[in-house]
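In what follows, chain A forms one complex with chain B and a second complex with chain C.
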Partner chain A sequence: MSPSLYVPGDGPLHRLPAGAKLAALAGLGVALFLVSSPIVLGAAALAAAGVVAATGVRLARLRGALAGVAIVVAIVVAANAWLAGWREAAAVGARIVALVLLGYALTLTTRTSDLLATLERLLAPLERIGLADAGKVALAVALVLRFVPELMKQAADIREARAARGLRVGPVALVVPMIVRVLRSADAIAEAIDARAYPPCKSPPTSAIPSSTGPGSADHDNA
Partner chain B sequence: MTTRDLVLVALFAALTAVLGLVPPITVGFLPVPITLQSLGPMLAGLMLGPVRGGLALALFVLLVALGMPVLAGGRGGFGILLGPTGGFIVGWIVGAIVVGALAKRFARTGAWRAPDLANAALACVVGGIGAVYAMGVPWLSVVTGMGLGPAAASMVVFLPGDAIKVVVAVMVARGVQRAYPIALR
Partner chain C sequence: MPETAPRATQTSPPESMSIVLDHVGVTLQERPVLRGIDLVLEERRVGIVGLNGSGKSTLARLLNGLVLPDEGTVRVHGLDTRTQARAVRRAVGFVFQNPENQIVFPIVGEDVAFGLRNIGLPKRDAEARALAALAAHGLDGLADRPAHTLSGGEKQLLALVSVLVMEPRIVVLDEPTTALDLRNRNRIRAAIAGLAQTAIVVTHDLDLVSDFERVLVVDEGRIVADDAPEAALRWYRENRA
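Presenting the complex of A and B:
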């Protein structure tokens, strides 16, 4: 699994702070639903395509993602043309294209760590009233990034083991051993995290985010 | 929430991602291969309960929003959440909570005999299908301008696959609980 859809670069969109881009995306998302003219929405879709092109991403990188969107848009436009006429269909299609492309523009130009830092800032008010713990959220994200390749490896092992016995692997026979194997290590991982006193105590707000360090690594030895 | 709870939440978020990455599985009598990703909310709810199950799927959706390619077919990013199918993905959070709440409400004896299996299946149908569609269909309707009726009707094609996933989720939950029981919370 590639770590993220982020594409390195130093265009204007890359330099904008993540928070500003998120706010702009939220605002534009609402605005697109308030407009119903197919001409304005078509212009918005073209502008969004221009924004994505300005990120400097190579088209090949996006092909898989856009193919899925294209199929959904085609179905939706066809259904709308049939039920509500071409005008409505064009407006709806353009709106979806604009929304999805703008979302991709954010994802392509913003590092995951920057988005996480913005999330930590957004969580700060919740943290003050004791509803969330930004350090724990960051730790949970890091853990998922560590677990995904582990589970993929388990899945491959189980498939091979079944194939060696001449068996096909059904979903139950695949998922049960996958979960049980990783659950067995969950206690050890939890103990390892506790032993390192991670996540660190509240006193200085954490700015560094554990990127993809495994739970077993000693990088975060704050004890 | 202990560190172990945090690890379990992360584990089921990762499991949901991996279920979308393993090649789709063909089931004998269905013409299209089904991806197993929507098993995630059912499994998290059945095995972790409403709180941790809901958190696991919330963490998964957060990863989607952050741009990780964790959705089936390596998709991800904010654009997907804004698109026509975004409601189903956000609906997985609600689905996991509902499945977990129902599974906990009808607490099992642990023996996994017929009544327990039926309860677990019912929890998956109400939460994993009902609650997810209750979020996803209105969202689809708003984004695409389709009426609620046609949007709901178009879901019929997915119901056979969903029914199979309910059976798979219950069998997996039974298998895992027998080998490694986790208390619902």
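Presenting the complex of A and C:
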């Protein structure tokens, strides 16, 4: 199971609007950086685990994803312990764990489309002054969420292919074919998005059914 | 059967209900992929077969403006794919060979609704129509599933449903049964057979197009046979197998 994906449910967290959850995550994220006590941060991490448990998703199902996070946390904690001491390392580790778990709680209980709609609303002021295209940012986020599991599968395929030939998998052996595959996929995905009437119309159609010339027939574009 | 001239020179049906390719040529990376294609497609079921690299997928991509001709014009219901691409893409749905690359959103229901949102449907309406479309193709109950957890056949069906929900007049399918097992191949075949729309299918699966109205054989960028399935497929087997 990918931790970045919505799991259907009807608990309180599922019913909470995406905007409220996103605001809570942002607020708690800032608060976690204002606190430096490892005890308080440890308690926050435990509370975050409780929030994930409240989603109704068993923590055991997140084991694979959490194992990856644990490796990153272990490296960060070790580096901090060496550079700044154990107290600081414990605080940093607990902070990351709390943030990651809260992020999981958000994505596990929020449909991608709701998350993106909220994101588009948040970016609307920036779009009005020409600093961002909210729709494109939202689509980019959707693609990231969509292709995280795909990339993990591709990495597993590459590892398997090398293992089948008796070869070890070093970082270069993994990364280079991954980049080639991702670039190939990117072209195909861009084509598929084009084929599905992207970018969106700004005005609602009178009907989604194309007539002999379709509602958009007056469009003269050079897409 | 001798190599035949394309039918475009033989008939001139009403352009508003057909796809018309007028002396179309396509060059990709300095290599001519299609040359001098004159064609009128007005049948409800058209198959396109040919060897790998023959140009058949490029021919299919021309039909909804994914590829634009370097020479000549392609018109769909009278719409020029070069100047009216958006309207053409609404009229012609395209199902890609690899469904993995066609699924844009992580959740099945959201992916089906994506195209509907692009044409301006409100969120609630788009979701309702997506659910109905999934149910109509036996995928009800999968709306909340992560798309990457579907089987190969389910992904291919999802790709088809994502296109059909837009209610295009024509559906182009590029090798829709490649890499599918017999059961899923039959599901896709049944789905194509049940389409109300015109279906144009590029395939290596000759059985898939054996009951179509018309089959084109593409070879080295040209249409070398264009006939009823029995005759066209016999020509293909005898000359290119």
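Details
As a working rule, the second predicted complex is superposed on the first by the 118 of 223 C-alpha atoms of A that agree within 3 Å, B and C clash if a C-alpha of one lies under 4 Å from a C-alpha of the other, contacts with A are read in each partner's own complex, and residues count from 1 in each chain.
The criterion applied here is as follows: a contact is a pair of C-beta atoms (placed from the backbone, for glycine too) under 8 Å apart; a residue touches a chain by one contact, two chains touch by 3 or more.
Nothing here was measured: the structure is a model prediction, and the numbers come from that model.
In the superposed pair of complexes, A:143 makes contact with chain B and with chain C alike.
Of the two partner chains placed by superposition, only chain B is touched by A:29; chain C is not.
By the touch criterion defined above, A:189 lies against chain B and chain C together after alignment on the C-alpha atoms of chain A.
Once the two complexes are overlaid on the shared chain, A:117 sits against chain C while remaining clear of chain B. Between chain B and chain C, more residues of chain A are touched by B. In the superposition on chain A, A:197 makes contact with chain C only, while chain B stays out of contact range.
Once the two complexes are laid over each other on the shared chain, residue contacts for A:6 go to chain B and to chain C alike. Once the two complexes are laid over each other on the shared chain, residue contacts for A:80 go to chain B alone; chain C is not touched.
Residues 1-2, 4-6, 112, 139, 143, 145, 150, 189, 193-194, 215 of chain A are contacted both by chain B in one complex and by chain C in the other.
The touching residues of chain C, counted against chain A in their complex, run 16-17, 64-66, 77-79, 82-87, 89-91, 93-94, 96, 98, 100-107, 110, 113-123, 129, 144, 146-148, 162-163, 166-169. If you check the complex, the residues on chain A that touch chain C are 1-2, 4-6, 8, 111-113, 117, 139, 142-143, 145-146, 149-150, 153, 185, 188-189, 191-205, 208-210, 212-223.
Interface residues of chain A, counted against chain B in their complex, comprise 1-6, 25, 29, 33, 64-65, 68-69, 72, 76, 79-80, 83-84, 88, 91-92, 95-96, 99-104, 106-108, 110, 112, 115-116, 119, 136-137, 139-141, 143-145, 147-148, 150-152, 155, 170-172, 174-176, 178-180, 182-184, 186-187, 189-190, 193-194, 215. Against chain A, in their complex, chain B makes its touches with residues 1-4, 6-11, 13-15, 17-19, 21-22, 25, 36, 39, 43, 47, 59-60, 62-63, 65-70, 73-85, 142-147, 150, 154, 168, 171-172, 175-176, 179-180, 182.
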